[in-house]
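Shared between the two complexes below is subunit A, which has subunit B as its partner in the first and subunit C in the second.
This part shows the complex of A and B:
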């Protein structure tokens, strides 16, 4: 029982970080109708940035976020401007997958070139320590990750529902043509949304890097999890991503107690079962007519 | 009609004569890998290209075919060319796997479908890692084969050639058939197609199952040729994306496009792999090539070329319009464009 509760706690704390990374993915989907396969490797890239800052430049990774978040934002805007914006026509969906995959392959190659394939990790001082609450061990880094994710998710929510920019984002999500007709610069909204969606990987990557050892290959595992989460939650729904991330990571932690080898299969099995019942995902809208 | 038969016959003759002309094993090895991808790309296109449902999970069938052939060879103690007789069984297995996979995945559309195929792919890869019968991480080794060294590659080459040609022919027949029209109606507007009486699920599933068979067959052949399958090489996500790229480069939904794409990309891939010093640099080059293809030629070589040729014919026809006028020719030109 104690193990079970510990697994649930770990799942919720860890799930929040996945929720943040998935929120970026689902936001990009909602606005642009494309899936960014590169999200996983971008998290790894952010983790390497934090690694360089903390190991080589001796900047605390938490403080380093002041550098990595803007850097990832700019990278996201650049990817949207250089590639995603240029996709048109009937096969746009499929082509966006291929383009973001190509971007992922290039980044992965660059990371291998720069860092090699040996897994690395960095543990800030506070990552090692943990607090003892009601019989649970809560590592500080998990709490920090949870806090970061909560703050970032709250910021995204406020941005979407309390600002003028957020209103134009939601308008673009609902109907691109109508949004353009009422004077919203849809291209700008798309670029900034892609930037924000990628910028959240900076925070996610920093926590991921502090809690795991990683190499450039780690992106595949991450993206397959993130994709499962956003589909399970319902594409385009940030609340859905949050619920799905918490459920999936907790479920994985629980299964991990008895069956470590099959724990990751829980993700995909849950996906299969839920979609048999609800093809649109937990909180997704019923899919509109194709195209 | 004659103008199209001659080049096809020439291509076939070239394919048959290839290993007799180029006896260098390095060349025929590359040719075998290329043919494997020709079959895969043509089969994939028959489903994804015609129906518009982009599958990134066909490596499930490839890996299953490879593992089936490996396990059967080991357990039944087969050697030499006996193993080739397992390939139809491997194809059958691929088709059988495709039925539940398709029934489940084809309930959803577009992005969700793509992600489901990726998820099923990871379930299979994980299963291969964890089961005892698949040899876990170390994979399955093929037995040593006592073929004559000088012509060692030839049996592999001709088996791959037969599978590739058979797949392309069936793909072409499907495209011309009522079934193919129904598939393309689904691609254009699935709800309207259903409204017109297309049994969408049945049609999609049929194409999905068909496309799985050749992929599983070449999977088995690939295992026997490379002599090793392990979970990361048999179920390789890069293969899925490479095949999609081949189809896009040549022209998604055309018969010849994916074949052309595979004939261009796989040799290029092998050449890069063998001549670029750093694997990682090679990956970056490959990714960049990928981006250039998709952004510069979004519709693929065959449709773009067909349009240029069509325009050129139109222009010539309008130049001739003052002197000659043959409405027959115009319809012939359109047919060629449509079925290119």
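This part shows the complex of A and C:
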């Protein structure tokens, strides 16, 4: 029983970190119909930014979010302006796969140039410290990740449903042409949304870097999982990404108790089964996927 | 008309003779006075992907050897030219790379990739074309199980590499001997045989096995496995790891769980010098052990020379030199000695010579191959990080310092 509870605890805390990394991916798809394959490498880029701040400039990575979040926001806006805005027409979503893959390759190449391929990591005090609760050690870094995920998702929710900009975003999500007709600057909404999606990734990258050793191509391991999380949760659904990440990582941790080599297979089998029953994902709407 | 034909015939014959003479001169200049074509040696290396730290260290080791050997006249009087193709740590890509190196680039020799996982299938390709594959990181039993006659591993065969640690545990007084052990291992041909061997031997000594699981080295899974190991509270942890990220993941999870085993030994990772220290930090390495045949502080004169050259080129300390560098350098040394002994660049002659029972030298120590290409002369050691220095601790005796036991708490 203790093993089971430990696995559930690890799953919930680890799942929240994955939700944090996947939030930007699902937000960008929901608003822009863009499947951002570069999300994995953007997480790694954010981890490298935190690494530079922590190891070379001796700035705490958590505090460093004050620098990395705006930096990633600017990068996101720049990527949207330089690459994504050019995509038009019915093939836009399919083409976004190729274009964002190109973005991933460019960023990965730059990271190789700057840092080489030797894995690096950073271990601030809270990355190795933990609190003892009911017989379990809960690492602070995962609690921080959980907190950041909750804050980021709440902020995105409030932005979408409680602000004028959010109304513009939702109008754009529903019908771009109609949104243009009522005076919404759709290009501006897209740029800001892409920027916000990438900015959220800064927090996910910071936690990822503090819990894993990484190198420039660590993003490829990540992207398959992040995509499966947003597909399971329902493309475009922020809450769905959270629920899917928690379910998937927890399921994997539980399988780990008996047969770790089967955990990944179970993870993807669960994805297939859920999609057979609910093609739009756990909390997704059919229309969202049909856009 | 006939005079025209005769003139064309004369011009044609003259041109043919001239061409033949030019060709002859060209061949002649190649074989004697002029610049000789280089000896091209190809390898597939994991410059990116899971084994990138090892692949890059291998690249450095090969380059260091080629530079040294070229300074000494190259091979058969010809300069060595290395050709590397990146396999992204994928066995499938490694196979394709060796196919390309042999059939397209037509290299003179092939030398090994990193890890048993990639060496096994690569050796089959080299074997198909009659190439020797001298390698330094393919010591798993699965590599030799196919009994190919062209594979020669200059390093320590991994199956019994943990034996010094097992013998040391056996030598401890009963009151001090740890009573329990955990055996997590990645699903890799390099790690599993070592861990199974250690589990079997330690269990026979009366050490109770509290945990044995095979896991994929996926970032998402390492913390969960490490937490289970920590919960088992075994006194010895024998970790089957292929690279630094797995060891650093276990280390971080152990620290978070306030768990310090009395003995923590990993099959690979802690031997990677600066790459390991970068990942775990300078405060979390003390007491961690790793089996190997070489370390930066080796008294072997050839090793000392190589380490000095490495530090001059890449900086750092002897402890920070990755053991992969020595493995790669040894590959070059063995190939050099085979070429010199046979006075030939023929792969068939090289293969026959390496099977002759000759004892060769390398920065890792003596090399002598058995029928399947394992290095019979290699000696297993266990090294340990002590106060940021990588030192030899087992077997006890010459060259070894006392092992830190029990391992100091993390962060000390």
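Just so we're on the same page, the second predicted complex is superposed on the first by the 286 of 291 C-alpha atoms of A that agree within 3 Å, B and C clash if a C-alpha of one lies under 4 Å from a C-alpha of the other, contacts with A are read in each partner's own complex, and residues count from 1 in each chain.
Methods note: contacts are C-beta pairs under 8 Å (C-beta built on N, C-alpha and C of every residue); 3 or more make two chains touch, one makes a residue touch a chain.
Owing to the predicted nature of the structure, the values given are computational and were not obtained by experimental measurement.
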Practice prompt. Could you check whether subunit B and subunit C clash or fit when both are placed on subunit A?
Written response: clash
Discussion item. Let me test your reading of the model: by the given contact rule, A:121 touches which partner, first (subunit B), second (subunit C), both or neither?
Written reply: second
Worksheet item: Just subunit B (first), just subunit C (second), both, or neither: which does A:215 touch?
Response: second
Item to complete: Using the touch definition from the top, say if A:264 reaches subunit B (first), subunit C (second), both or neither.
Response: both
Fill in: First, second, both or neither for A:98, with subunit B first and subunit C second
first
Worksheet entry | subunit B versus subunit C as contact partner of A:137, first or second or both or neither | second
Discussion item. Which partner chains sit in contact with A:183 here, subunit B, subunit C, both or neither? Use first/second/both/neither.
Written reply: neither
Worksheet entry | Of the stretches 3-11, 93-101 or 399-407 belonging to subunit C, the one that collides with subunit B | 93-101
Discussion item. Considering only the contact definition stated at the top, list the common interface residues of subunit A for subunit B and subunit C.
Written reply: 112, 261, 264
Worksheet item: In the complex of these two chains, what residues of subunit C are touching subunit A?
Response: 47-49, 52-53, 55-56, 88, 187, 213-216, 218-221, 223-225, 227-228, 231, 243-245, 248-249, 252, 255-258, 274-275, 278-281, 284, 410-411
Discussion item. Looking at the complex, which residues from subunit B come into contact with subunit A?
Written reply: 52, 54, 56, 104, 107-112, 114-116, 118-120, 122-123, 126-127, 129-130, 189-191, 237, 241, 244-245, 248, 252, 278-284, 286-288, 290-291, 294-295, 298-299
Worksheet item: What residues of subunit A sit close enough to touch subunit C in their complex?
Response: 2-3, 6-7, 10-11, 14, 18, 112, 116-121, 123, 127-130, 132, 137, 139, 211-218, 221, 225, 249, 252-253, 256-257, 260-261, 263-264
Worksheet item: Considering the complex alone, what residue numbers of subunit A touch subunit B?
Response: 29, 35, 83, 86-91, 93-95, 97-99, 101-106, 108-110, 112-113, 220, 224, 227-228, 230-231, 235, 261-262, 264-265, 267-269, 271-272, 275-276, 279, 281, 287, 289-291
